[in-house]
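Mind looking over this structure? Questions follow.
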Amino acid sequence: MKKFINDPADVVTEALAGLAAAHPDLRVDTAEQYVARADAPRPGKVALVSGGGSGHEPLHGGFVGAGMLDAACPGEVFTSPVPDQILAATKAVDGGAGVVHVVKNYTGDVMNFQLAAELAADEGIAVETVLVDDDVAVENSTWTAGRRGTGATLLVEKIAGALAEEGGKLGEVAAIGREVNAASASFAYALTAGTTPAAGRPGFELPDDEIEAGVGIHGEPGRRRERLRPARELVRSALDVILEAQPLDRGERVIVLVNGLGGTPLIELYLIYGEVATVLAERGVEISRRLVGNYVTSLDMAGMSITVTRVTDEMIRLWDAPVRTPGLRWGA
Amino acid sequence: MDVALATAWLRAAAGSVTAEADLLTRLDAAIGDGDHGVNMRRGFTAVVTVLDGTEFTAVGDVFVRAGATLISKVGGASGPLYGSAFRAFGKALPPGARADLPGLAGALHAGLEAVRKLGGAQPGDKTMVDAYQPALTAFEEAVAGGAALPEAAAGAARAAGDGARATTSLTARKGRASYLGERSAGHQDPGATSTWLIFQALADVTAP
Amino acid sequence: MKKFINDPADVVTEALAGLAAAHPDLRVDTAEQYVARADAPRPGKVALVSGGGSGHEPLHGGFVGAGMLDAACPGEVFTSPVPDQILAATKAVDGGAGVVHVVKNYTGDVMNFQLAAELAADEGIAVETVLVDDDVAVENSTWTAGRRGTGATLLVEKIAGALAEEGGKLGEVAAIGREVNAASASFAYALTAGTTPAAGRPGFELPDDEIEAGVGIHGEPGRRRERLRPARELVRSALDVILEAQPLDRGERVIVLVNGLGGTPLIELYLIYGEVATVLAERGVEISRRLVGNYVTSLDMAGMSITVTRVTDEMIRLWDAPVRTPGLRWGA
Amino acid sequence: MDVALATAWLRAAAGSVTAEADLLTRLDAAIGDGDHGVNMRRGFTAVVTVLDGTEFTAVGDVFVRAGATLISKVGGASGPLYGSAFRAFGKALPPGARADLPGLAGALHAGLEAVRKLGGAQPGDKTMVDAYQPALTAFEEAVAGGAALPEAAAGAARAAGDGARATTSLTARKGRASYLGERSAGHQDPGATSTWLIFQALADVTAP
């Protein structure tokens, strides 16, 4: 394993220390292990708290700031945070208007956030949970833990965060978050697996001409192994799956996220975005906004995911609203 | 079971998940995200620290504290599941310094119920339930048959081991491994394996 | 080789097509192969043009936009652009107030930009060249092609770009660019080499416990091979070299760039930034501004560089000025 | 040399750098950035396209156009260097459809001067100059000794090859390889190697 670290056991806390040093706008509680806006709690504002395993940076800590999250709880690498952490963050940012938990649909995340929400309720904090489950590589059936939460998390956090920033009520903020999630579908390919500091070797090994289709962001293998094909074909296959799960009529508008999983260079992501734009243009779908880059990552995994979210005028307005976080910033 | 045996069991379990952390992580890397060994080691190391620093009078409290510690320290799926199991187990034990065999059996049952309630897994879903359920059945049958703790614990450990091994052929329907669909078959479930280690630790510390 | 591409020969043009589709603010001339602000030329504004081999994204195309570059000329992967391209971009963005060429100090870049500047002069365009050579891993002597241009390029383009945006004259814009370069020093480590689409295999092979110290951004090996050490020690060694080349007194202020080379995840870069902050605090140096992320990359190389730039009030003011590009954006 | 021979030479050079693109790239990967083969192939392919579409009357024009094409299509260090070399070579050739041997020798000299002026490399700096310089010397000596073109070209190619091989032991002082310092020794210079291929192409097309 080759990484810029000191001790595998200290990676998360040391990276948090670096985040704290780099961003005076953020308050990092290294004891309780959460990242919050320095100006939290903001009285009367609905607060957004998210979290999950570390290794997906900039998600979630990099999305804390004005117009997006009020706090993020990073767990150990690929391990969901513990209820204590989530409760501490929830209490730290609650401004009296309630707190929205944005939770990616993984068994661990769901259970830990649920325990934290129960504890917060015991302390009189109103918590609404928005579950993100956009990854259509997984069938949503009683036979699985359900679709995973991946790229759409960024859209949920941005759009619901903007509504909270402008004074949305708890129910409204949660509702738009759920709408964004329901309007989103994602699919990912991996060329290589990431390596966690603790395990020290890649989550899986792939021959030089094979890829994993339908991977998540935790180094788990995907639904199936395929031959490496030209980007053009991979994009078409991914969009077939996405658009089957989330049919789009001609003239509908979307936000597209072409997301790198950490080890894929930007030049390839832009090439992919070009292919996505071509296919959606053929289908008469209008890309109203887009984002190309490494946002919801899986350590150093070479891979990419495509997220397509059907949007309303209101969602576009909230997407365009100012945001000021380490990982996403415009208008401020 | 008294406070001394309770702490001995948890210490033995801690030793065992620490010794086998690599195995657990490797199993989890194959069908999950490769952190189960690290998670269990971190959690049980914290449990040992708590045990070191606390005087217990009631045997149930040992497990309630251990469970709360696992919930606070592990994260992931296994943290809340094992944490809730130990908490429920401790709470279901009869009050006081010692628990008898039927009390232990009932508490083991309460622990499994907690796992099933929180995680929703059925036997056959390729989870820790597939080791826990047969271990519980074996323990209950041994107790019903008049066996003493060492024998009941040994039977439970054997059944847990068989159950863990039998997860290999299953297709996962809960937890991360379910994302793999049929590709999850052919790999032993990490959580079932750690459940076996915990039952084996009880068998070891009670062995005559 | 595993990449999301179609044909290795088409990577640069297809990625440019994706960039064009993604950013309506930009005008991409795929025939002449340059990226320009859609609103260029801006009459009376000094224009900034940079360029270099592709594979370093977001540099340079991702830094085109208000407050930074007016145009960028991407060459083939790791190959400097040709004079025709540079001339076309220079003519396209010249607003009559002259053009500054920001050139990283590599033999090929220097020669191609020089030929282009001569051709532009023939057409009556005033061109000033700012040569960036911040990489102190290379000794600046007659025995080498001189220090390479790496991370400081971003600072030069941002700060000189801000001055141009607010109406600075050709000589002033070039002068502050040169000042920033002179006040900068960088040093890089690589854990793995990147793979160019054309070559199809990594530029060099490293055993699992060795790293290259003093690497550039073109997959060339570094000054020497070393044992992998804890991040803490690597940062100290890098800062020793940087501060020897660029001594800093207690109380001096700097901008720090902790830059990923493409394949290193953000969690490691923040960990590194924490170490940098610790060392500079010990030395009494004040970090006024900082940037942590993948900005000047080398395809999928796992590695990082540290750039330290001694800054004046004026440089900080220009750094803080609004910028609106795909790769760097704030205040707009 | 007439127009036909000039285009034959450049086509042969194109064939050769294309066939050896992998070798050139591998040499460049060791001490540079691994693009020299791709650069040369791209440039000479463009040269062939230009030759295909153009009627030349003056032999010098063939090389002036080839040089301009290399400057426009190659990029990197080698594009301007080879481009300037061929342009200078073409401009230095006597006007008209044919050039004689002393004219060729003088033009080769002008080509080298252009490389040295633009790149500033001295012999021994581990660059294309280390193949070009001995090739020129051999060519001039052969011409002075009364040799015909095939013989002079063969001698130049031999000297270029020897010069290219001799770069292996040198420490680079120009171009990317200079960043490696002493680590550049032990590897043959890619640009010197492509220079050898170009001289060899002349020897091949003039061979009796």
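Some notes on this structure:
Just so it is clear, A, B, C and D label the chains in written order, and each chain counts residues from 1 on its own.
Note that in this section a contact is a pair of C-beta atoms (placed from the backbone, for glycine too) under 8 Å apart; a residue touches a chain by one contact, two chains touch by 3 or more.
A quick note: this is a predicted structure, and the numbers were derived from the prediction, not measured.
Without chain C, the contact network of the other chains breaks into the groups A, B | D. Between chain A and chain D, the centres computed from C-alpha atoms are 54 Å apart.
Each chain gets one centre point, the mean of its Cα atoms, and the points for chain B and chain D are 74 Å apart.
Centre-to-centre separation of chain A and chain C, using mean CA positions: 29 Å. As a whole-number value, the distance joining the C-alpha centres of chain A and chain B reads 32 Å.
Counting only residues that touch two or more partner chains, chain C has 77. Interface note: chains touch in the pairs A-B, A-C, C-D.
On chain D, the positions that touch chain C within their shared complex are 25, 29-35, 38-39, 42, 71-81, 118-119, 173-181, 183. Within the complex formed with chain B, the residues of chain A that make contact are 53, 75-84, 106-108, 111-112, 115, 137-138, 142-145, 148, 196, 198-199, 201, 203-204, 216, 218-224. Only residues 1-7, 11-12, 14-22, 54-55, 57-58, 62, 77, 189, 191-192, 194, 206, 208-209, 211, 228, 230-232, 234, 262-275, 277, 290, 292, 294, 297, 299-300, 302, 304, 324, 326, 329-332 of chain C touch chain A when the two sit together in their complex.
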